[in-house]
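Have a look at this one.
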C-alpha cells in the first residue's frame, strides 16, 4: 500500500509511556526490539528457571520499580520492590532464597527519604523471610531521575512438587483469583495530586509466596499456571496465560471482586478495572480435580481469604480471553493498548 | 561543640552526585543510611555467596549502569552492563551462569537506540557465554531519566578451588594488577561534550571471568582477594581491600601502568589516575608462593597481557594504603572524597 | 454505585430483552449517537443479545473519532512549541495527525499533560505564569459548558497565558447529515443522554418529524440502552416517529439553562469538518469574538494544514452504516488500532476498532517475565 | 608528557636532594605560596625527603582555601535563584559557606555547572539567552587574564546575560601580610611559577629586599620544587635575599605583557578579605567601573552577609605557620575534610586536610559490593 | 462521548462575594473530588448530580429514577411466564 | 593554584578581521583541546605553551628548559661519588 504524506501518523520511533504499561504497546516493544536475539524464545514467565550446579535448578526474576508517588496508602516503593520480586518468583512455584537491590538515586533526594525507603525494604524482606544479600547504589544528576528507582532481583528455589508455568494451562482448568482487583492502581491514582481525586483506598501490595506454598502443597502439579496481574492488570495476565498455553479463557465479569472505590474511580476516569494494576493478588489455572483443595488452601491464609473461581479454560479459540458480561453476553477481554489514560468519552 | 550560625555548612541532607562516586561520601552513605539493618554486616565484596539447595552455593551480584554518554569509544552502556556484572561475579571467584536485565527507559528514547543497546547486551552476553534469562522494562516520563538505565544481576557458581574474598588479603601477599588504569573514566570524560576535550582513548570495558578462571586454576586458594577497580578507581579498590582484610598495602607509583592520554587528561583536569574508573582490569592479592604462577596465568590471555606486580601487603598500619612515590617518598593513597571534579588549582 | 448499579441488574436486563424480542418483528437499523453508549454496548455485548433483525450502528459521537486530521495537526504543532504546556483530556493523546500524535510530541520533549477538568488547565496556567497553557477544547454539547466556564474564568480572573484550541461539535447537524445521505439506512436514533442533559431535546423534535425517525434520549447503563432500543423499536413497529426520553432521571425537556447560557456567551455556531464525514455547516462551536484573545489558533498562528485522509479509508460510509469495516482493503492489515489509518480505528469505540477487537487475531506475544 | 616527565626523573631528584642535604646546615622555615606546589609536595612526599631542619609551610595560594565565607555565601545565594546558570571551576563546588555549598544548591534544584574555561561560560550564556549565566571568577593572577578575557569577550560580542562574581586575589600583598605578622617564622618563599608567568617577578624584588627574604620563582614538578627549595636554602645559608627564577622555561622577568594589559583593562585593585587571614588592603581585583554591568553582585543585589568563621578555627595561625592543626581543638573531631570548619580543611592541599590525610584514621568501611 | 457519573454532594463552598460560584465535594462510593456546581444551582448537600469533566451538569431526579426502574420491573418476566410463576 | 600544563600547538585559527583573536588546538600527549592563544601572540604550530583554564599563558622557552635540566644533571651524584664512579 502506497502511503503518501500527509497521512495519519502515530509515533513509532520513540519510546512512549505506553511502552511500559503492560499492554499491547509493551508486547510490541518486547517482541520486536528487546527479546529477539537476547532472550531465548519461550513462553512469557514471571521468573526464569535456570539449570544450576549438579542437576539442580535456580529460579531468577528481576523487576525495576519506578512508582510515583513513592509513598502511597498501603506501601511504598521499598516494600513494593520486595513484594514484586518475591511474587514473581512465587508465580513460578519458587520460594525466595535471596534478594539483590540496586538503587538509582537522583541528586537532591532527601537522605531521610532514602533512609525511610531502605528501612521499608529491610522490614519487607524480614517479613518475607528473605535476606538482601547484595546491593548497588548509583547517583544521577538532578533531573535525570524522579527521586529514586529500585531494581530488585530474586533468587529462588522450586517448591517441592511445583511444575508451574505460564504454558501449562489446559482446557478444563478452572481460573482462580486470590483477592480483589484494582486496589494498587487506584491507590496510586488517588495518591497522585494532578488528578485531584481522593480515596481511602490502600494498595494490595503484599508477598504471595506463602499463599503459593499452600497452593502447591494442596494441589501439587495440579497447579498449572500462576500469574500476578501487575501492570496491565488482570486482562493482560489472562491474555498472556492464554497465549503462552494456547488456550481460551472465559471469565465471569459478575464474579470479579472489584471493591467499590476501585469501581468508582474507574467509572470516573473511564478506566477498565481489568486493566488496573495489582500487587497482592494472583490468578491461577488449576486442574479441575485439584481446584477445591487449592481453593481451600488459598482461603486458609489472609492473602487468599477472598479467593474464588472467576472462570474456566477451554481449548478454542486458542489465545483468546472472553468475559461473560453482566447482562449475560460475552465480550473479548483485550489487553490495554498503550498508556492508561483517563478519558471523558 | 556548640555550632552557631552562620558557620561553614556542607550539604548533609540531600543525596549528592558524590554519593555515587565510589569514594568516601559513598562509603558514608552506605555505612550510615543504606546497609544498617538491610544487609548483614561483613566485608565489602563484589558479589555475595549464598547458601543454596543441598549444601551448594550460589553467587549473586547486581549493578546499575547510568553511564553518560551511552555510547563511548570501546563500548556502550549495554556491553558495559554485561561486563560489569560478569566481572563482579568473577571477583568472587565465580563463573557466570545467568544474567538478568532490567531497563528503565525515558519516554522519548529513540527506539533505534534501544535496539542498538539491546543488540550490544546480546553480543556481549554471547561473547561471555552467559545467557540472559530474564528481563524487565519500565518507562518513565520525559525528564524522569536520562535516556536509559540498565541494571544487570548475575548468578554465578564458584570456580573449583576458589576461596576468594576481600577479607582474605594477608601480610606478605603480592599485589598484582592485570592491565593499564584509567582508560574507562578518561574515555567517558573525553566523550562528554561539555569539557571540550578530545582523545583517541577507548574504554577498557571487557569481561574478566576467563582471566580469573586462569588465575584460580594456577593459584587455587593462593588467590586471596580480587577486585575490579571501577568507580573510585584503584585507590578505592585498594582501600576497600585493606579495610576488609585488615592489612596495609603499599604500591609503587612508578610501577603503575598509566597510559599517556590518561596521564595527560588527569594532568589537565587535576585528577588522580588512581581515582579514575576502570572496567576491564582487576587487582589481586596473591600469596607470595603462588604469585609467579598466577602472574604467568594472567599474562597467558589478552586481558592480562600487561599484568604486573604493583605492590605488597604488610600487617601494619591495618587498613592503610600507601604509595611509594616517583621521587622515592611515600604518601597515603586516599579514597576520593566526593564527586570527581575538574579543578584548576 | 447508586444510580449506576441498579441499571445493571441482569434479571431486569433479561426482562427488557425478552420484551424487545417479543416486540421486534421487522429488521431495523438503529444508531446510538454517543461513544459512551457504544462503549456500554460493546463492553456488555448488548448487540449480540438483540433480536436478529436489530442492527446497531455506532454513530459519530466520539470526539476522538470526529476531530479532523487538520485540527489534530494544529494541536501537535502548538504542543511542540517551546514554552507551551499543552493540556488535553486523555482521549485525544493517541489520535494520529498527519505528522504524529500528542504522545509523540511528549516523547520528543513537548510538555503535554492530561487534565481531568478544563479548570485544572486554568489552574496550571495560573501556576505557570511564564508559560503558555493551551487547552484542547474538544467535545460535544456536554463538554461545552465546562470548556466555556474555563474561558470565562480565565477572562474574569485574568489569566492571560491561557488559551483554548476549540474543536467543538454539535449533535443535531450530524444526525441531519446522516439522514440526508442518499444511502442512509438508519431508521431510528438513540440520542445522547448527557448531551440532552445540557441541551434538552426540543431541537430533536423537528428532526424526528421531518425525517420520520424515532429519537429516544437514552442513558448509558445496560438497562438504559436496552430500554432505549426497546422504545425505539416500539415506535418503529408502531409507525411512530417521536422524541421520547428514556433518561428522565437526568434529562429535562429544556435541558440545563445555565449551561446553555454559558455556551451562548462564550461560543458561536460555526461550520466544522467531521473526520470521516466532511464539513457540515453550523455543526460546531467557535469562540465568540469577545473571547478571541483566548483563541490558541490566533495566538500561535498555526498554518492551516491541508491534511487529507488516507484514500483507502471508507470511514464516511462506515460512520453512516452503509458499509462494514471488512469491506475496507486496509482493515486489519495497514489499519489496526496501533496504526490507525482512519477515524473509526482510533478509539476503542470506533466501529473498525470494535470489529478488530472482536475479530480473530492472535494476541501479541509477551516474551518477557513480569 | 614533554616538559613534565623530564622534571620527574627520580635519579635527578635524588641528586638535588643529596645536594640539599649537603647545603642545609641550619633549620629554615620556607613557604611554598601556591596550592599547586603544595599538591606536588604532598602527593610526592617531598617534604619527608627534606633535611630535618627544613620545614615547608603551605601558603595561602589556593583559591578554595582563601575565598571568604561571605563570598561563598553570595555564590550560593545567586546560584539558588531561579533562571540562573551558575558556572564555576570545579574547585569551588564543595567549599562550604554558612548556608551550604554549591553542590548542595545543585542537589536542591539549582543549575550549577562546572566549566573548564571561563570562555565556556560565555558560550553557555550565548546558547541560553533567556537565562542568566553567572561565572564565579576566583583565582590568582594566573587566572585573572582568562577571566578578564571572558568579560571583554562578553562585552565586545554583546552577551548581556553573562556576569561574573569576582573574588580575585593577588599574591604579593599576601606575602607582605604574612611577613608583617609579629610571630612570622617564614624565612624564604617559593613564588608561584604560573602567577609569575603572567606577572613576572619584579614586584617581588622590593619585598625580598625590604624583609630580607629569599624568593625563588618555582615550577610545579618534583625537580622544580626540590631545586626551588635548594636555591632558597642556598640563599639562606649564604645570607642572600634575592629573587631568583627556577622556572625560567615558563617565566620571564617582566611576565606576559598582553595578559597584564587585559587584567588592567578589566579589573581594578581593591581590598579583599582572605579566609583565615582577614582583610588585606589592595590584595585583590574588582571589576573596573567600565564593566560594572557584568558584575553579578550588582545584577543580583545579594545582601552583604556578615558571615563569621568558626570560633574554634585557628586557620590564620596555621596559614602563617605559627601553629599546627593538631593544636586545634576541632581538628579531626568536629572538623574533617567531609565537614570542614575552616579553610585549611577544605581543599586536599589545605594544611589541616593534608595533616588529616596523613594521620592515623580508619578508612570508612564500604559495606556494599561494587 | 461524555462520561457522566452520578455522585453525592457531601459539602458545598462558595466565595462570599460570588455565591453563584459554588463548588462542592462530591463522593462517588468513597472516591471524592471537588466539582464545580455552577450549572447545578439548586443542588445541595445530599443531592446526587451527574458529573462530567469536573462539572455537575444535571441533578438526578430521584423520583424519575425510581419510576424508570419500576417500569422495567413491571414489564413481564418471560422466564417466569414460561415457568408459569408470576 | 593555577594548574598549568605544557602542550604542543597543532593548529591555529584566527578570524580574518581580527588576526589577534587567535585560537589553536593544543595536543597533550593525545588529548586535544581548543585553546585561546591571545596571550601567546608569538606561539605557532609546533610550539609548546603552558595552558591554564583554556588559555595559553606562556610559551615554553626550550633552551631554558634544556638548561635547567642540564644544570641538575651536572650537579654531583652523591651515590656515584660514594661508589667512586663518575
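Should a chain be cited, it is by its letter among A, B, C, D, E and F, assigned in written order, with residues numbered from 1 in that chain.
The rule is simple: a residue touches a chain if its C-beta (ideal position, glycine included) is under 8 Å from a C-beta of that chain, and two chains touch if they have at least 3 such contacts.
This one's a predicted model, so the numbers in the text were calculated from it and none came from an experiment.
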{"item": "Touch-network distance, subunit D to subunit E, counted in steps", "value": "2"}
{"item": "Most widely separated chain from subunit E, with each centre as the mean of CA atoms", "value": "F"}
{"item": "Equivalent interface positions on subunit A and subunit B, same or different at half", "value": "same"}
{"item": "Chain pair with more C-beta contacts, A-E versus A-C", "value": "A-C"}
{"item": "Distance from subunit F to subunit B - Cα centre to Cα centre, in angstrom", "value": "35"}
{"item": "CA centroid of subunit A to CA centroid of subunit F, Å", "value": "64"}
{"item": "Subunit C-subunit D separation of Cα centroids, rounded to whole Å", "value": "70"}
{"item": "Rounded Å distance, subunit B centre to subunit D centre (Cα mean)", "value": "33"}
{"item": "Sequence positions of subunit A contacting 2 or more other chains", "value": "12, 14-18, 26, 30, 34-35, 39, 45, 47-48, 61, 63, 107-108, 134-137, 196-197, 260, 263-264, 267, 270, 343-345"}
{"item": "Sequence positions of subunit F contacting 2 or more other chains", "value": "1-3, 5, 28-29, 33, 52-54"}
{"item": "Residues of subunit C whose C-beta touches two or more other chains", "value": "1, 4, 14, 35-36, 62-63, 89, 106-108, 116-117, 120, 139, 143, 368-370"}
{"item": "Set of all touching chain pairs, with the criterion as stated earlier", "value": "A-B, A-C, A-D, A-E, B-C, B-D, B-F, C-E, D-F"}
{"item": "Residue ranges of subunit A in contact with subunit B within the complex", "value": "12-21, 26, 29-30, 33-35, 37-40, 45, 47-48, 50, 52-54, 56, 58, 60-66, 97-98, 100-112, 114-115, 118-119, 121-122, 125, 131-141, 143-146, 149, 151, 153, 155, 157"}
{"item": "Subunit B residues touching subunit C - in the complex, by the definition given at the top", "value": "107-108, 134-137, 142"}
{"item": "Contacting residues of subunit A [partner subunit C, same complex]", "value": "1, 3, 5-12, 14-18, 22, 24-28, 30-31, 34-35, 39, 41-42, 44-48, 61, 63, 88, 194-197, 227-228, 230-231, 236, 239-240, 242-243, 254, 260, 263-264, 267, 269-270, 317, 319-320, 325-332, 334-335, 337-339, 341-345"}
{"item": "Residues of subunit E touching subunit A in the complex", "value": "1-3, 5, 28-34, 51-54"}
{"item": "List of subunit D residues in touch with subunit B within their complex", "value": "1, 4, 8, 10, 13-14, 17, 35-36, 39, 42-46, 48-49, 62-64, 69, 73, 89-91, 93-94, 96-101, 103-104, 106-108, 113-117, 120, 139, 143, 222, 226, 305-310, 312, 329-330, 333-334, 337-342, 347-349, 357-358, 360, 362-370"}
